[in-house]
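Across the two complexes that follow, subunit A remains constant while its partner is subunit B and subsequently subunit C.
And then the complex of A and B:
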């Protein structure tokens, strides 16, 4: 027991491979940013659809949200990587393949767009109807209303909720190692296969993610609170 | 259509066996997570000397990605603690740990929402601390956090797809096995994804209905 404890605390093996592992961590961040951009834009689109005046568009938005909010991320990653290219290939009549990074971005972006859509929708519904009526009666165009009146208020009210979702998304980026995107977990499994010493490597990975998520989460929350307080003042 | 019959319908025994494993794993982990979350929460709130330990554990379980935790429990724990001895146990443990962290915070929010005066009144009429917890606090906590608890179950179901990575033979494992034999992923993976989405949708619908009914019958407005 005490010897294995020393082995966990002795994270030298983890430190020895720091360049490879750091490169893996950078891949985590790339996947995170790409998927976050996709998720935010799709989420906004779905939220606007759900608030639109035409019923079929509303159904489409609801369908999008219900499918992706209830889809397990791993299942979606596998489906997008192995099935979607075949379907596109059938349509294009040629062989088609996704780079694992692209599959990861699409799958995570779509799954998280379901969650973001709900957050956006709550933010949009919180805006008093009078704002829209006033803007419309002044003759402001719909696009300008969205950009200058709706979005600024939505962003402010959805900030706390969306920080949690960004963190979940970052945690979900570890899954992409399973379709061979060379992220931190992928590198850890590769090194484990070479070195046959899983204990320090997996412990190191767990500690790394723990520290990143904890530090990023709490500092983002402080920053968001400060920003909201300053805007209100 | 022929393909669907050959690859999905004719494989239904394997898929159903996988679904059964998925459901088992989810319920075992969920039960453990409720107990673990309650213990962590109570220790954090009422056992002063152990508070830092409980806080650290809660934060650690919440902040580490489920895949990392799963592999960590699976590969590192047997060397440190000599347990778990099977992939199945490792899978349930990792899922339970993750959710116990989240549930501990849910319970804490619920306990803090019970007005102080109720506890003081209960003590004043001579109820013991245990009785106060069991009869006054716990029912209100469970009622108030029912939606969050059900939501945590759907999180467990989603995370449980990852246990196939450590060769627990759940639905995802069975469907990937069929893919590896047949080399035709379209039908089987689409069917699996649809099955998971439908399953999680139904679970969250039932949960929402149950939570609403509970709250209505106890006169607490849904928010």
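And then the complex of A and C:
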């Protein structure tokens, strides 16, 4: 085996720095969870706006979806971290900065809210009008209908698609090292600079992400299918 | 108990109901028959306020469904909360069952008593099981609707409406989307309800049911009541030519 190939496949360095790297991976998960919560809430809000009876509200929902669904993750992360604070600073007449973690959460949360809004909307529109009429005819209020009749069905129907989106979002968390969020990739580049041996660390990171996404993705799909099977004919 | 006064309903330029009035007394069974497009389903949906009449009003035990205080001349439309309060007393069963697929049979039946009437879980379950008994499906309480036949689903839908202990039960073509062999089990349950003294308004194409079970039959045509009376009279001696044709076509 050539020297360089051995260098690529030698994961000893990766193992040596496992605690630091694991801490980095934990940061990926924090960013993922924070952004996912934000994306789901904003996405549901935008979907409800797009289904609203008032036209201006519908436009607002559409605007939200189109802006964020069409914004590249990378650009949004950089823009939110470096440009948005300046704009806010101008409005507030003072210096303003986001913690990198907060910028990452906002940027990814907003981008993915555009995708989740469309998934929510498809799920809401798939519910037969009769289910809602039946609820209304029993005197169930609109808030309760949303919480008890619409959302539980939407969550089930949007699961397969949202698992894919969660996976994309998780993969997208690897770009937050750009704004110095200390995630796995950030740690990898730090150690690389120290050790002057880039290859094994990048291979290790690639394998780590691959295994996590594969295992989490397929087990979520199995769980989702089992849960959904109950209510299907 | 239910008084319908000169109800009109317009969809755009199409006038589906052109001024319909009638009374339904406590404990009586009224069947509405007529060709499709005659306005009978729209009329029934107006009684549950799923459709809002364009003109006229409907009274439930003297209380206006459409306006806040018809007695003192307050003609402002009712708020959704008020409509929902009145709706509790008006159970409706749809052609398409409309069970909530993510809840068990018992969950479907106990949802409104718990969330709308504010009953405790325990009391709602007791009531729900009693209602499932009335449609002979207590043993299916923990199944999901997808596991039931159409006839069973429709009986659950009846139990769901009964669980609100409504003053009147409305049926909107309850057997029209069922296979013939499943129709009878639903009609049998409806007969039992009628015998128990439930006030019922039934839109139906089942002439046998209308003839044998109703106290009063209304024949609608083009958004108007063309003829009404006891079933023996309507089916035995129809006065209008249209009803005569309808009866000869639909009653074997």
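What we mean here is this: the second predicted complex is superposed on the first by the 228 of 233 C-alpha atoms of A that agree within 3 Å, B and C clash if a C-alpha of one lies under 4 Å from a C-alpha of the other, contacts with A are read in each partner's own complex, and residues count from 1 in each chain.
Here, contacts are C-beta pairs under 8 Å (C-beta built on N, C-alpha and C of every residue); 3 or more make two chains touch, one makes a residue touch a chain.
Nothing here was measured: the structure is a model prediction, and the numbers come from that model.
A.B. asks: Following the superposition defined at the top, how do subunit B and subunit C come out on subunit A, clash or fit?
C.D. replies: Fit: subunit B and subunit C sit side by side once superposed on subunit A.
A.B. asks: Tell me the contact category for A:141 with respect to subunit B and subunit C: first, second, both or neither.
C.D. replies: Only subunit C; A:141 stays clear of subunit B.
A.B. asks: Report for A:153: first if it touches subunit B alone, second if subunit C alone, otherwise both or neither.
C.D. replies: second
A.B. asks: Please work out whether A:209 is in contact with subunit B alone, subunit C alone, both, or neither, and reply first, second, both or neither.
C.D. replies: first
A.B. asks: In the combined three-chain arrangement, what's the angle at subunit A toward subunit B and subunit C (CA centres, steps of 10°)?
C.D. replies: Apex at subunit A; the opening toward subunit B and subunit C is 110 degrees.
A.B. asks: What is the contact status of A:230 with respect to subunit B (first) and subunit C (second): first, second, both, or neither?
C.D. replies: A:230 contacts subunit C only, not subunit B.
A.B. asks: Figure out whether A:131 sits in contact with subunit B (first) or subunit C (second), or with both, or with neither.
C.D. replies: Touch status of A:131: second partner only.
A.B. asks: Give the label of whichever partner, subunit B or subunit C, reaches more residues of subunit A.
C.D. replies: In the superposed model, B touches more residues of subunit A.
A.B. asks: Regarding the shared-chain residue A:26, is it in contact with subunit B (first), subunit C (second), both, or neither?
C.D. replies: So A:26 meets neither subunit B nor subunit C here.
A.B. asks: After the superposition on A, what does A:37 contact: first (subunit B), second (subunit C), both or neither?
C.D. replies: Neither partner.
A.B. asks: Given the touch rule stated above, what does A:199 touch, subunit B (first), subunit C (second), both, or neither?
C.D. replies: first
A.B. asks: Touching A:88, do we find subunit B (first), subunit C (second), both, or neither?
C.D. replies: neither
A.B. asks: Just the number, please: smallest Cα separation between subunit B and subunit C in the overlaid arrangement, in Å.
C.D. replies: Superposed model gives a least subunit B-subunit C C-alpha distance of 25 Å.
A.B. asks: Pick out the shared contact residues on subunit A: the ones touching subunit B in one complex and subunit C in the other.
C.D. replies: No residue of subunit A touches both subunit B and subunit C.
A.B. asks: Applying the document's contact rule, which stretches of subunit B touch subunit A when the two form their complex?
C.D. replies: The contact residues of subunit B facing subunit A are 59-60, 63-69, 71-72, 75-76, 79-80, 154, 157-159, 161-162, 165, 172, 176, 179, 185-186, 189-190, 192-193, 196-197, 200-201, 204.
A.B. asks: Any idea which subunit A residues touch subunit C in the complex?
C.D. replies: 128, 130-131, 133-142, 144, 148-149, 152-153, 156, 230-233
A.B. asks: Quick check on the complex: what are the subunit C residues that touch subunit A?
C.D. replies: 48, 50, 80-81, 84-88, 90-92, 94, 96, 98-102, 111-112, 115-116, 144-147, 157, 160-161, 164
A.B. asks: Please give the residue numbers of subunit A that touch subunit B in the complex, ascending.
C.D. replies: 1, 4-5, 7-8, 66-67, 70-76, 78-79, 82-83, 86-87, 171-175, 177-178, 185, 189, 192, 198-199, 202-203, 205-206, 209-210, 213-214, 217
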